[in-house]
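Below are structures written as structure tokens.
Presented sequentially are two complexes of chain A, the first with chain B as partner and the second with chain C.
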Partner chain A sequence: MKRLLGIINNKGKEQLLVSSGSFVGLIDSSQSKDFKAYLWQKGLNKTGQVQDELFNFRLGPSSGALLESVIFNIFTYGERMKEVYIDNTYKSRSIEQKMRAKCPFEALKLSEQICASFAFSHSCAFSRAIEEAFNINISDNVKIMRLVLLEVERIFNHIYVISRLSGAAAQKVLTNHLIYLFDEILSLNKTFFGSRFLKNINTIGSIKYIPKAQMEIFSKKLESIVNEFSKLYEFSLKSHNYLDRLYNTGILTMDDFEMFNFDGPALKAINISLDTRVYEDFFDNFKSVIEEDGDALSRMIVRAKEVFQSMRLIKQLIEKLKEDVPNSNIVIEDDQKEKNSIAFAESPSGTIYYYIELIGNKIDYVYIAAPSMFLIKAIEKSLEGQIFTDFAFTVDSFGAFFADAAK
Partner chain B sequence: MLAFGLAILFFCMGMAVYFNKTLSYIFGFLGALCVVILGFESYHAGFSYQIDIYNIFKLGIGTDKLSSFFLIVAYICFSAIAVYSIDFGKLFSKTMAFLINLIMLSMLFIFCAKDAITFLIAFEIANICLFFSILERVNSHNQAYRFLAFSEGSSVLLMIAFAIVFSATGSFLFQAGQNNFLFALFAFLGFIIKMDIVPTHVWIAQTYSKAPSNIAAILSVPLTLVGTYGIFRILSLEKSYTLAILAIILGSLSAFWGALQSARETQLKTLPAYSTVENNGMILASLGVSMLAQYSQLTVLSEFSYLTTLFLIISHSFSKTTMFLSIGHAKETLGKETIDDVRGILKNVSKSAGFGILISGLSFSAVPPLVGFVSEWMLLESLFQSYKFSDATFKLIITFTGILIALAIGLSSFGIKKLIGFSSLGEFSSKIKKIPDFSIKLAENTMSALVVISGIFSFVILIYLGYGNLLNGLLGVFKPALIVSSKPVFGVLSPFMFAVVFVFLLIVVLLLKFSNKDTKTTMPWVGGLALKDNELYNTRGYSFIVEYVLRGIYRTKEKKTYVESYDISNSIYDFLERLFKKLSSTISKIIMNGHLYYYVTYIVAIFIIALFVFKFN
Partner chain C sequence: MLLWPFYGLSKHYSKKYKFKLHSKPNPFRRSLHVFVIDAGCDVELLLEFYSLLSPKYNTHRWGIFFVNTPRSADLLVILSKPTPKMLPIVKEAINQMPKPYGVMLIENSSFDKYDLNLPNIVEHLKGDIEAEEIFKKLIEIAQGGLIC
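== the complex of A and B ==
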């Protein structure tokens, strides 16, 4: 299954960044007609044009109901949302622009600033792209540690998203319990890695050294939290009131995937997985979690099951760790050559892709395909035809971050 | 009689000087004023004049209490419409001035007629004049013909009714129709068409909307008063339980249906049009209750219900005239058709138009102490006394009527609040076309004041109408400021005392407001950005909840960018229209098919039929 990840427009030449199976690369823009997502990525979709009896019920950019500065332009004639257009430009920090002319180590810090929730995923994808461009060999231990921390990030993110979702569906007790667990993991992160959101741990070609014994303790502590989550999750599935709100809400289909090319749990909830972890070397027989209904409930179930799956993966990976200290003296020489590379990392809400062009040891052009870019379009689509009551838990079921999309 | 003569003279002069529109309307106003004086004069001592035509049949004109009451109410509204038209009429041709004077003249004869010939001639003239008046607006042929079709339907039923009386008694006088059920039934049906009672109301939505606003006001008030007047006359001539019950059932259904449709409407003049259906329904139901109570020997209830009907007429006439005149003012100034497009009338168009819509709307929403509140309270009080009927069927009918009327009042209030909330009080400014409006404002303000005054001083109206026995003093309210709905006391109301308390509280609020200098006014927080035009909550949003909940009745269909809902009673007429079109198309294909021998056969057949008809007659 192919996805249009972005339109690369550097030096007057338009190319398409696409993925198809194990292929990720650039193709000529003449093939744009093969991708329905080309229209919205190019900005050719007419959105936000009020017609007939619709009026714009604007939520945002600064409102008590929102965590981030964003505008939901909800075109409605009262109870039902007929067209939704999300304006996330308020979160734009032009990070791709700011990375230009910077050395990779400086740009790595910027990639971690895109979105706190996906800080490690961004850092990992960026480092991989630079390492590929400069043919930097990294040790297995670094690779394993990166995979461990990606799974840690997935666990705390999924718990956070489920807590938001249950909060939106008025399950306040569950929400508070989950928020507590979420904060417990962040505290663990701070204790073991020095950063609640796993920043400043990863670097190009290396990673902060944590002894295997420490990682085993971490794993045990994390597992007790995940067990606690498991109890809460099982308990929540007994609440018909909660499930009724999520069931059949914000349904997405294959047609929607073809139109918007989203991935992550939103895609897994419609029985398809494009999880790039299948290409990782250190996972034994990785199998994606999938569900069938495509609704908010399915997305929640995928996330919950992924929490348990990630915990299992972490334990397997830690067993494979060896007691060697990673090389922290990585130097990138200015060879004045032009090069480019593409790399990715599987964030909690989908794959993050980095396309980077370099001249010598300076970045010339960066394009970041963040999962939230696609999820925002999926949110817009899933809200169409829903009543206002369903708004909060439809939006929160996607785990999209507007900062991630705006970059 | 002097006032009667002067009125005719002024109306004729108004027609004669039609080329000078201002003068023509001034004469029209003077004529209407004379009729009001005539009404007041003859309420206690009417006149009667009768002539014999070649000793074949008798014609007569005259006034009694009933016709005087209708003359007063109808011509107070006509006076306002004539004054309003001095400036408003400048937007239309000279013919309109002629037609309005002729309508006022013919309606004078309708209310004063004592025989069928005078009545029908005046009735037809009024109908035809209104038809041409609707045509004053371009591209309104369809709406004008719809009006004419229903008017002629009414005329045909009335002609049949009078023919029944003539064949039975040889007289065209109304009095000859006494105790003739068949006459009463046809006349009843003819008059309810004029009252826009469901399901004969289907023409109003389009026609009221298209007609110039002064004509819409005539269609809504004086014209429907003709129908109401006719029903009063019929039910006084034929004491029939059947007709009384029919009036109650049709009236309550009509009130409910009109209110239901007004709840979903978003068009500026269609909403008040449906409100007319609702109000006339309440009038009909109330009159039916009064008659039923009278036949059941419940004298006090009958009297109170009759008074209720009179108050409903006053309330509807004054409030609806105010509303149409004010809406017309805003519509012409802004050049818009929907409620959403005329936001901010009070702020941007004119204070008088804004207050006109506000006061009349509040009156329709039964806000005390306005006349609408008084009349609707009286109606509910009448219906709540259904337990007094000994007949279980009557009790049941009136109880269900009470339920429908209560729902109608709620729905109507919902619809009217939409109209006043968005149009008069809304916040929006669009392009304004300046029109001369001195006389327009004068008419609006006068009518608005009447809506307030007739509510607060309703006890004075009661005394004038001869119902002083329904006034009392109780619980600190001085006599005769308290209206009682029954004896012994069942329910009481004092709009006057309410007004006193309201004014006192208003003064307190104003004093507090002006004494507190530190009061800060802040704009509501809208996410940190200014609101755009397309972000204003609209009337469809307001109505959608009702349209969705009652989607079975409205046949609501949600489209991508709009909502489709409609008055399903239209489907009856749509079906008939399609049927007749198909029938005429089939016949024309068979007969007018281009073959000569078909035409020859057709002519010969007609010739033979004509021969037989004439031969056997």
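== the complex of A and C ==
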């Protein structure tokens, strides 16, 4: 299955960043007709205009109903939403431009500031791209630790998304329990790694050293939180009121995937997985969690099952850790050569891709394909035809962050 | 079958905090209504505020309430230095607030260095600010009252 990850426009030449199976790379823009997603990425889709009796109900950018500063232009004639256009430019901090002319270590810090919920995934994808460009060999322990922390990020992010979803569906008791568990994981991260959102842990070629014994203690504490989540999740599945709200809400289909090329749990909920963890060497027989209905309930189930799966993976990975301290003196020399590289990491809401061009040891061009960019289009599509009551839990079921999309 | 309200009552999450409070006989006398505006942050501060809704902090017990509009807020919390597009919106939110009011600015990552010249800033936090720290500051402001 092919995905258009982005359009690279550098030095007057347009190329397409695409993924297909295990291939990720640039192709000529003459092949743009193969990708329906080219239209919206190029800005060629029709823009929102009032049609017939529709009026534009504008929600945001500063609204109690929304978490982030973003505008939802909802074209409606009353209760039902006919078309939705999201404007996330209010969140734009131009981080890709700010990375230019910086050394990779400075740019790494910027990559962590794109979206805190995916801070480790961004950091991981960025450092993998730099390591590939400069042929930096990293130890197995560093690789394993990165995979462990990616799974930790997945667990707390999924619990957060499910808490938002249950809050939107008026399940207040469940929500409070889940926020408590979310906060407990963040506190655990702070205690063991020094950062609640796993920032400043990863670096190019290395990672902060945590002894294996400490990681085992961390794993046990995290498991007790996941067990608590498991009880809550099982209990929530008995609430027909809750399930009725999520079932058949915000449905996406394969046609929508072809149009917008989203991935992550939104795609897994329609029975297809493009999870890049299948290419990792340290996972034994990794199988993605998939569901069939493509609605908010399926997306919630995928996330909940991934929490349990991630916990199992963390335990397996920690067993493979060895007691060696990673090299912390990585130096990137200025060889004045032009290089480019592509790397990725699996964030909780989909794969993050980094395309980086370097001149010597300075960054010349960066393109980041963040999962939320695609999910925002999926949200727009899934809201069409829904009533306002479904708005909050349809949006929250995607786990998209506007900071991640706007960059 | 156990119902959700009873499931909720079966757990005790609230943490016992000890704060240095002003010498008022009743620490719960004042309440603080807070409106949080995301001015372009990387979600970290938003998630820290979201953590404050955890029963561990029990914010309502301390008289702290999060409201949905600046028109009913005592304190406007601005998360990160505003992006160029958010600056006029932040200023308009301040205009909408009833007097007396306070403004709390929290920055965890600063890309642009410029002065905001916002009125009534009662607190300006910088760096890696966590939920517990924000909570303590809110309690301090609530107990001290807004002097603007």
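Just so it is clear, the second predicted complex is superposed on the first by the 407 of 407 C-alpha atoms of A that agree within 3 Å, B and C clash if a C-alpha of one lies under 4 Å from a C-alpha of the other, contacts with A are read in each partner's own complex, and residues count from 1 in each chain.
In this text, a residue touches a chain if its C-beta (ideal position, glycine included) is under 8 Å from a C-beta of that chain, and two chains touch if they have at least 3 such contacts.
The model shown is predicted, which means the values in this text are computed figures rather than measured ones.
Residue contacts after overlaying the shared chain place A:Ile8 against neither chain B nor chain C.
Contact with chain B, but none with chain C, is seen for A:Glu53 once the two complexes are overlaid on the shared chain. Of the two partner chains placed by superposition, only chain B is touched by A:Ile71; chain C is not. Contact with chain B, but none with chain C, is seen for A:Lys82 once the two complexes are overlaid on the shared chain. In the superposition on chain A, contact of A:Phe182 is made with chain C only, not with chain B. When the two structures are aligned on the shared chain, A:Ala392 is found in touch with neither chain B nor chain C. In the superposition on chain A, A:Ile272 makes contact with neither chain B nor chain C. When the two complexes are overlaid on their common chain A, residue A:Phe235 makes contact with chain C while staying clear of chain B. Residue by residue along chain A, chain B and chain C are tallied for touches, and C comes out ahead. Touch criterion met: A:Lys190 reaches chain C, while chain B stays clear of it.
Within chain A, the residues touching chain B in one complex and chain C in the other are 61-63.
Chain contact summary for the complex, chain B toward chain A: residues 266, 526-529, 532, 534-538, 540-545, 548, 558, 560-563. Taken together, the chain A residues at the contact with chain C in this complex read 61-65, 67-69, 89-93, 95, 98, 113-117, 119, 160, 171, 173-174, 176-177, 179-180, 182-183, 186, 190, 195-197, 199, 235, 238-239, 401, 403-404. The touching residues of chain C, counted against chain A in their complex, run 1-2, 4-5, 7-8, 11, 13, 35, 37-44, 46-48, 50-51, 53-56, 67-70, 83, 85-86, 89-90, 93, 109, 111, 128, 130-131.
Every residue of chain A that touches chain B in the complex is listed here, in rising order: 50-63, 71, 75-80, 82-83.
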